[in-house]
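Below are two complexes that have chain A in common, paired first with chain B and then with chain C.
Take a look at the complex of A and B:
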């Protein structure tokens, strides 16, 4: 192995690590605010990539119809939970979000998709289709069990992942898709050749992480989210709605997952079930960071990506074994160095 | 009252039919589940199979096993017990075919599998296959490598049974041909990056690379190799011979070479190829019904199975529905010679229940986003 190969492997590791980092941040965020270990996170990445690829091919993506189904289910849940007639404004807002938005999207996308739209329009459409899936899923699966234990929430989350995968097969089919690069050029950096799309991916990841940092430290909404994460009861005492915080966290997670999907769709072939393994790597990075620290999660995600790249080079047959095997000693070390209660 | 009348009319109408001897062929196919992309064209081919052979009408029954070996087993039993099947067909994958074959051996019913299934010696007399062995497919690739002067080959295959079997098949063949295997790498269907493997392959300076994967995932290494500036020949296996592979791979898979059953490029075959006539007939009829680019090797396998069954029915004597007749069909299958079908010419014998020769595979090259027939000589 010479230095050029090492540089290429590091580059590959950084690209994969960047995606894992985005997902790891989502895992940490959702766990902190809602105590949910959100396994379907990766599925949203795949859905976003597949939606973008479908739009590029001029086909109405199945995810638009999926969103309609989720929306109808959410609306039914809301109506069934009513004890007395709600204020008209509340009803209008809810039905607007759960029924009108997905329906308009679905009908609109069927007319818009064959029209050979510019890339940015495809990306915007993908975002508005995939992002609401986050809060919709939260409303459907997790809001009704707000006070459940972490374990019960985790089991539900695995269930949601299985349902999502089945729906993905139904709406996208078994074949893989790849979208065209948003930026097709290459950058020459000494002996390194960096694909434009890869560079774009890394820049976007950095920007998103930077924006997240600003959001949490500089804005009221971000500080409220953080407060809800630190102590739910404390936050409620000072007038922060934990329910709203949960929803906002899921919007954020949906947004990040959708952007990650849009960014990797041109780099790899995505399948309806590709998301799980990507999500799992992000999950591992979040675990290594103790599900608590954002910088820790980002750092371990990038290290994980680089380890993976080198493992693929040295022993491709054992790539996943090496990646997941290395997590064990780290977990052991973590549990020995900072012991804490099972339930908190 | 009305319904009763209709029923009695139907019953009267049925009586002469039931008296007339009718051969039953019962298929268990993976029309749903992970192997649906194989099972669907197989099921759709049913409409093009012979309706009678040797003066006897053939009745077809198709059951879906959802790519589940347990379901395939149940289906095979249903075929034999409820439908009184004389010949079994299927299934689409090796594990499901093994289930069907087990029932076939147990009940003494001949079966034509559509997957390269390996069974016990006791069951083997009853099991025939209308699918090419990997070794036959590999021989076409190796012939091409020798002809174009490839001496160093890189291998990147699925980290599963498919990749493993290909590696095991080609390793001795390459050795015999004097081609050196310079790198052996693995990747998974769900991998999002194969950069590590590609770098290792390129670093070992091969003349050509063989990608042993099935479906669209096998496009990923090809794309990676071209991105890293690899200019040598890329070979794929017949598992990738779908239009989806070209769609996903785009310009990176231009020029890649695959071994396929002749039916995939039937209209492009040379006039001298024995499968051309019947192949074009099936190809045109299938395309007319299911659209351009719909013909796959899998539908062809089903068509072949139908031809083999018809040839055996024409040769066998006896009353359908009896064990003696099934025995006669088995003997007839084993003795079939020169059965021309869309995937080559079959010559079955007690030692060879595949019956293919080199006429059962051709090479194709991806040219301008489509598979083009590539003459080997």
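Take a look at the complex of A and C:
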């Protein structure tokens, strides 16, 4: 291997690592606020990429109809859980979010998709379709079991992932798609040629991580999420509803996953089930960081991406084995140095 | 003085075990009501239920509104704040961040005013404003927990064992602050094992045994009640 190949592998690793970093941050955020290890995180990445690809082809994406189904289920859950007639404002807000928004989107997107929209409009539509899936999934699968153990939440999370894969196949079909690059140019950096889309992905990742840092350290809403993660009871005692915090965390995770999907859709062909492997690597990075540290998760994700790139070069058949095999010694080391009970 | 918090026929259960039953109490503005009793009497369970942390039967009327079905966060927004025995601070965040989050349900201007008031009441917190809450001493943690609750500008403040594990000098400061809060018009509901200090500070007292109130009345009169003196003040009196 010469230095040029090594540089290309590092570049590849950084690109993959950037996506894993975004997902790892989502894993840490959701676990800290809600104690949920959200396995379907990667599914949203694939759904976003497939939604964008469908819009570019002038086809109404299946995800719009999926959102309607999720919204109807959420509304039914809310109505079934009522013990008294709720205030009109509450009812309007809930029905607006769960029924009106998805229906308007679904009807709108059927008319808009064939109109050859500019790329920014496709991206905006993708975001408004995919992001609400995060809080909707939280409402349907996790809110009813808010006092469950971490293990029960994890089992539910795996179940939700399997359902999402099935729904993905139903709404997107088995074929793979790739969207056109948002930035098609190339950048020459010494001996390295970087694709415009790859550079855009890295810059966007850095910007998102920077914005997240500002959100958590500079804004009251970010500190409230952090507070809910540090002490759920303490958060309730200052007026921060832990349920609302959970919903906001899922909005944020949905948004990050959707952006990740939009950014990688032009780089790799996405299938309905592609999200699982991508998400699993973010999950491994989050594990290495102990599901507790954002900078640790980002660093682990980048290292993981680079190891994956080199593993693909030296032993491509064992690429995944090497990446996932790494988690075993780290888990062993963590369990020996940091023995915690099941709930912590 | 107007009655701000009124509890009717409250009951709290842990499965089949009834920790609190048939309890009624009132807290008026500008007054301190205290609940005294031995360990396991049900005091903390009652206070946690009033704060919305535990499910309960009965009715809780706050400022004329039935808040029995409201969650903790909504009760705080309404003006009913609770400081728990375990303080529940955000240990990895600074003193100032803890206080600012205390005003989560208030406007930015109210938060800015509130933080100055809290620093005025607890100058020690101002010195420690950039320190992590998890590194504070026991007394400072109690001050921060009380200050954080005051940031939500409550009309009724419920304090669970504020003197627990604190040095006598700090306990004196804490009770002095409770008196100040009463003078500022806040209704205080105080659960305390230090019966003597609680009765000296309170206007009205309830004695709890096995989940029920077995005695209640003006705190000053109860200080001289023979049974109370023997049961709750005897040892405490000898110690002080």
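Keep this in mind: the second predicted complex is superposed on the first by the 344 of 344 C-alpha atoms of A that agree within 3 Å, B and C clash if a C-alpha of one lies under 4 Å from a C-alpha of the other, contacts with A are read in each partner's own complex, and residues count from 1 in each chain.
Keep this in mind: a residue touches a chain if its C-beta (ideal position, glycine included) is under 8 Å from a C-beta of that chain, and two chains touch if they have at least 3 such contacts.
Small disclaimer: the values here were computed from a predicted structure and weren't measured.
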Touching partner for A:234 - first (chain B), second (chain C), both, neither: second
Partner chain(s) touched by A:335 [first = chain B, second = chain C, both, neither]: neither
Broader residue contact with chain A after superposition on the shared chain, chain B or chain C: B
Touched partner set for A:176, first chain B, second chain C, both or neither: first
Which superposed partner A:8 touches (first chain B, second chain C, both, neither): first
Chain B versus chain C as contact partner of A:310, first or second or both or neither: first
First (chain B), second (chain C), both or neither touched by A:224: second
Complex contact set, residues of chain C against chain A: 51-53, 69, 71-74, 76-77, 81-84, 88-93, 97, 100-102, 104-105, 148-149, 151-152
Residues on chain B engaged by chain A in the complex (per definition of touch): 34, 36-37, 156, 159, 185-197, 199-200, 203, 215-217, 219-220, 227-228, 244, 248, 250
In the complex with chain C, residue positions of chain A that touch it: 84, 220, 223-224, 226-227, 230-231, 233-242, 244
Residues of chain A that touch chain B when the two form their complex: 1, 5, 8-9, 12, 15-16, 19, 174-178, 195, 264, 267-271, 273-274, 276-278, 308-314, 316-317, 319-320
